[in-house]
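Some notes on the structure that comes next.
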Amino acid sequence: MKTALGFLVALTVLTALAFAPLFVGPYQLGLLIGLTGYVTLASAWALFSGRTGYVSLATVAFFGIGAYTVAVLSETMPYPLVLLVAAAIGLCVALLVGLATLRLAGVYFVIFSFGLAELVRQLVTWFETSVNGTLGRYIFLPLEAEHIYWQLLALAALTLLLTWWIQRTRLGLALKVIADDETVASHIGINIAWTKIALFTLSAIIMTLVGAIQAPRWTYVEPAIVFSPTVSFLTLIMALFGGASRLWGPALGAIPLFLLFEWLSASFPNHYSILLGLLFIIIVFLLPRGVVGFIEDKFQRKSPADLVEKPARVKEADQ
Amino acid sequence: MTTITRRHALRYLGASAILLAAAAPIAATADDRTSVKIGYAVSKTGGNAGGVGITTLPNYELWVKDVNDAGGLELPDGTRLPIEVIEYDDRSSAEEVVRSVERLATQDEVDFILPPWGTGFNLAVAPLFDRYGYPQLAVSAVTDKAPEFVKRWDKSYWLLGGGHDYADALAKVLSKASSDGTINSKVAMISVADGFGIDLVTAARPAMENAGIEVVYDVTYPAGTTDFTSVINEAAASGADSFVAFSYPPETFALTQQAQVANFNPKVLYLGVGTAFPVYGKNNGANAEGIMSLGGIDYNNPENMAYRARHEEVTGKAPDLWGSVITYSSLQMLQEAIKRRGLDRDAVSDELSNGTFQTAAGEITLEDNQLRTLWLTGQWQDGKFVAVAPTDRDGATVPILPKSAWQAQ
Amino acid sequence: MLMTTLIAGLVLGGSYALLAMGLTIQYGIARTMNLAYGETIIASAFAAYLLYNNLGISPILGLVIIAPAGFVFGWLVYGILMRPLVARSENTATLEINSILATFGLLFVIQGVMLVIFGGNYISYNYLNFGVEIIGVRVAANRLLALGLALTIGGGLYLLLTRTRWGTTLRAVAVNPAAAPLVGIDANRAARFAFALGGALASSGGVVVSMYQTFTASSGVIFTMKALIVVIMGGVGNLAGALFAGLILGLSETFVAAYISPGLTIAAVYIIFLVILLCRPAGLFGKVQK
Amino acid sequence: MSALLEVRNVTKRFGGLTAVNDLSFDVSEGEVLALLGPNGSGKTTMMNMISGALKSSSGDINLAGAPITGLPPHRIAAKGVARTFQLVKILPSLDVRENVVAALAFRHDALWGKTAQDEADRLLAHAGLESRGSEMVENLTYIDQKRVELARALAAQPRLLLLDEWLAGLNPTELHIGIELIAMLRKSGMTILLVEHVMEAVRALCSRCVVMNAGSKIADGETHAVLADPEVIRAYLGEAHA
């Protein structure tokens, strides 16, 4: 009953958001695109990192791969196929990375994932300049802002639905068990490695698609633009800020932060950094458990279901 | 009855008059606006902030101050309106710059939008400028595809030329020096793995070949490289008398330092962005003598001199001697076009395409929305970064080659 | 050729190591991931530039002023910003997240202040930029200074940490901050001291690097990430590891530039970093414990 | 009766320390075997090698004739080995029922949904936790947490059950209940390998014992004979029976 009601509310909001482009101006639409993009990225990030404790800075590697795939292929094949190829490439890279990185834990994984994103950027740059003899690529696709928005909105909804659904499947249970105790997990037959890889891959595919969908908005794509580490950092900060282990946490982190960034940069273009930094520090001190934690503390007594999930944690290599 | 009707009528009339009177000031403000809104989104923070900080932002600020000090932008009827600035920080992110321009166009409804910094960002916002009908005076974008872009976006203007222009000019300088017997006909060439570096080096390869210069060393390095020991050593070992780097400021500085450290004295030393920064001349003092780069200044042009003096006075630092001048000139063009045609963007765009303008960079008439009268090669001579190519243009200085050897500092 | 590449690599690696040592101490001992580390470097570079450019004070002399200032700054940051978070966090994992978020804010504050004061310009000046002959190879004096400083600081701190009582205290805190009080160690003071020491090291690095590397108010992040890579590769909290990792990265960069392609130098750095981590998941000198 | 578990010349070294040295023994189908020895003699290390938590340095471990040496724990679990842990390991964020469902969901013929819930309740009832499935497992008493752990192990439908000091730390009443539970399992034909210090339980439950000391096997045979062996008494029981 509660679930049905939740679905109804979510569906209503989704419908309202889907009709938004008909009522808002191009700027607000742009805002919605950016917002939906980050909600999706943060949710996808949390899907893996929030549930396994592996804090990843590789977000932009996949985001950039998606954008670059579109830039390279948009003139040679139909758009839906390009998205499919982008997702497939994201999947392959994620599998490769997943298999390689499982031995790493804690901050070692964090920096590894950052290094990975930079490596991908360097390799793409090198390949483009040395092999193709060019660098920037142009994307001239007949896609309007609202088309990009609708795709992103669908992807965001899908990501949240997927997260919700996974929590109710054996995969979701496996994650909870792994988070509780990896030894028990493996001894009751859970393949920890594959569980993590599956999640990492899923999360990476979504990130790849976000990049692929957003790319046509920029017309011109080059590695410095699409592999900017800022994307990884913002995604991580938004998810952590919202509460990475909850379904709505990343969204509740992404929305206020995104709007805050926008408001600050528009109202105080010369003191943006200082104010942003101060606000950030204040937020960390005032909301120690993230937005979701704050809401729970304030408005809700804890139900057993809430206790089931634990806050995101970073696994320590040296414990 | 009649009386009453008349009274009613009078009442209605009165009401209408009041309404009209109330409406009138609104109409009047729409016509007699009190300011011209100019908006821009530039990277105040992030990776692009360095470029913005020298070439773009100081000139935007200087121009706004200059215009407002003079009483505002002059309109065709001789009245002046002050500029009201709306600025955003795009944080060096493509998504931000796109959204900020959308915001300027549709939310703030500014009268004109000044372009962002960088080839990529100018391309990212070009469709928006086009869609909302704003002229785009793209300065900090070096691209050989400008003719194509003009076809696609007819209100876009490309003012800094393309890789071919600079490469051809350089090749001519080298080939002349080579045929004079000043240098041999070999060149060692490096380029930054970035839109700028690649654009230039791909243009330079055929240009050198056509000019009879053999490229004996040709590598690309990633932006952010801090150590050039091997590159300089290889270049020194290549036997080329000319060393050319299509580099960005941090690497331009590092290359200069490394060349001195390694005592590498090519007869022609041509470096990329950053060489034309005043701080480059200051840091390197006598050692800057003879070093070449893109751009350059005609020091005898009084308007240019006035501009540089103003820049230093207002912003507290000297402008760079390549992009800054063009940036400021593009704003002067805009200012003049508004003076001639008013605030109608179509009319202003038309004027920009067809008019002739007196600017800090001399007289400018665009060809196919592109600035073709550019200083393409400059050289540090006597503490000044003078323009040496195209040689046939008024104000060109004769290049001094070979570059003198490094002096101990 | 080989010799040149080798020495150039060592010199480059020296500056990497120098820039990473402060972070490895801050992260390894004080247990706080300081994302604003690079901003400390840049702020010090600006300070050195100002002293040299406006007052004519040589950066070497500037070092004597700026390094203690870095210490004080680190001391204050830890006391004001990090201490409450350390007290609040129930385990290292929460502390890690909290320190990432808080220092991310600090990063923006410092960067914003520098932007307001200095603008977004590239800053560069020449100091000690002449060649010095070492075994027939010409090396920039300022870069050599960085290597020298890295070795001195690295060696000195290593001795300090391993040979003195005070060093033992710091290492005890690094290994087990919770148990340190049991043996009479004031973990908070030790951590604060370590964090401040890291700040002083970052400042020293910033001063030296400013002599030969162009920087802007926004380039702190680049230094933070490079330092993090060196720290992680060497093993968190391990000075010798940081030194070694820095040198390896420097060498790989110059060797790839000389023998493969200058276009792949940065890629090579990351490849080597990734491969080393895959073989040794806790860094070169780190220990993996079950 | 054929051997379900064969341990052949298994050695485990940790650096310079040899924790298990060339150990061989069998566990037959339906047998309850006790692995005995003083603290640090290598019993738990041996258990960990059987369940896959540790990899042996050399030697072979076979389950029903097939090698399981060096397989990861989840593969060994899938082949029918379940275990409990020396220090009780429950899943604190789950409730009692979910603790058992977790095992049902990942066993060879996985159960999920309503079926799994019902099966979990049945197993819990079997372990003496009837209708307590919704309680948070963290709030249970020690013996009840042990019951959860046992139910979870049984949920995997193991061919071989490893009990690592499952009876340790229980008070006399609880101990009695615990022994009863294992006795029930034995009656149902379950093959069990247990590490145990509680001699009362060993005597009551196990027909055969293997005794280790300093990593090596020093005795293997009928419980009453082994426990009477002077060497065993010296090495191990000495402390308790002095």
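Side notes on the structure shown:
Just so it is clear, A, B, C and D label the chains in written order, and each chain counts residues from 1 on its own.
Assume a contact is a pair of C-beta atoms (placed from the backbone, for glycine too) under 8 Å apart; a residue touches a chain by one contact, two chains touch by 3 or more.
Note that this is a predicted model, so its numbers are computed, not measured.
The fewest steps needed to get from subunit B to subunit D, moving only between touching chains, is 2.
Each step here moves to a touching chain, and the least such steps from subunit C to subunit D number 2.
Chain pairs A-C and A-B differ in how many C-beta pairs are in contact, and the one with more is A-C. Here the chain at the heart of the shown protein, by mean C-alpha position, is A. The chain with its Cα centre farthest from the Cα centre of subunit B is D.
Centroids of subunit A and subunit C (each the mean of its C-alpha atoms) stand 30 Å apart. Between subunit B and subunit C the centroid-to-centroid distance comes to 37 Å (mean Cα coordinates, whole Å).
Chain centres here are Cα means. That of subunit A falls 43 Å from that of subunit D.
Residue positions of subunit A with contacts to 2 or more other chains are 122, 125-126, 129-130, 270, 272-273. Of all residues in subunit B, those that touch two or more other chains are 44-47, 92, 193, 220, 222. Residue positions of subunit D touching 2 or more other chains: none. Every pair of chains that touch is listed here: A-B, A-C, A-D, B-C.
By the touch criterion given at the top, residues 51-53, 72-74, 77-78, 82-83, 85, 89, 91-95, 98, 101-103, 105-108, 110, 112, 136, 152, 155-156 of subunit D touch subunit A in their complex. Residue ranges of subunit A in contact with subunit D, taken from their complex: 170, 173-174, 176-177, 179-181, 183-184, 186-192, 304, 307-310. Partner subunit B is touched in their complex by these residues of subunit C: 1, 4-5, 8, 12, 111-112, 115, 119-126, 129-131, 138-140, 212-219, 222, 250, 253-254, 257-258, 261-263, 265-267.
Those residues of subunit B that touch subunit C in the complex are listed here as 43-47, 49-50, 52-54, 57, 92, 190, 193, 219-222, 224-227, 229-231, 233-234, 249-250, 253-254, 257-258, 260-263, 274, 277, 279, 283-284, 317, 408-409.
Those residues of subunit C that touch subunit A in the shared complex are 27, 33, 81, 84-85, 88, 91-94, 96-98, 100-102, 104-113, 115-116, 221, 225, 228-229, 232, 236, 261, 263-264, 266-267, 270-271, 273-274, 277-278, 281-283, 286-289.
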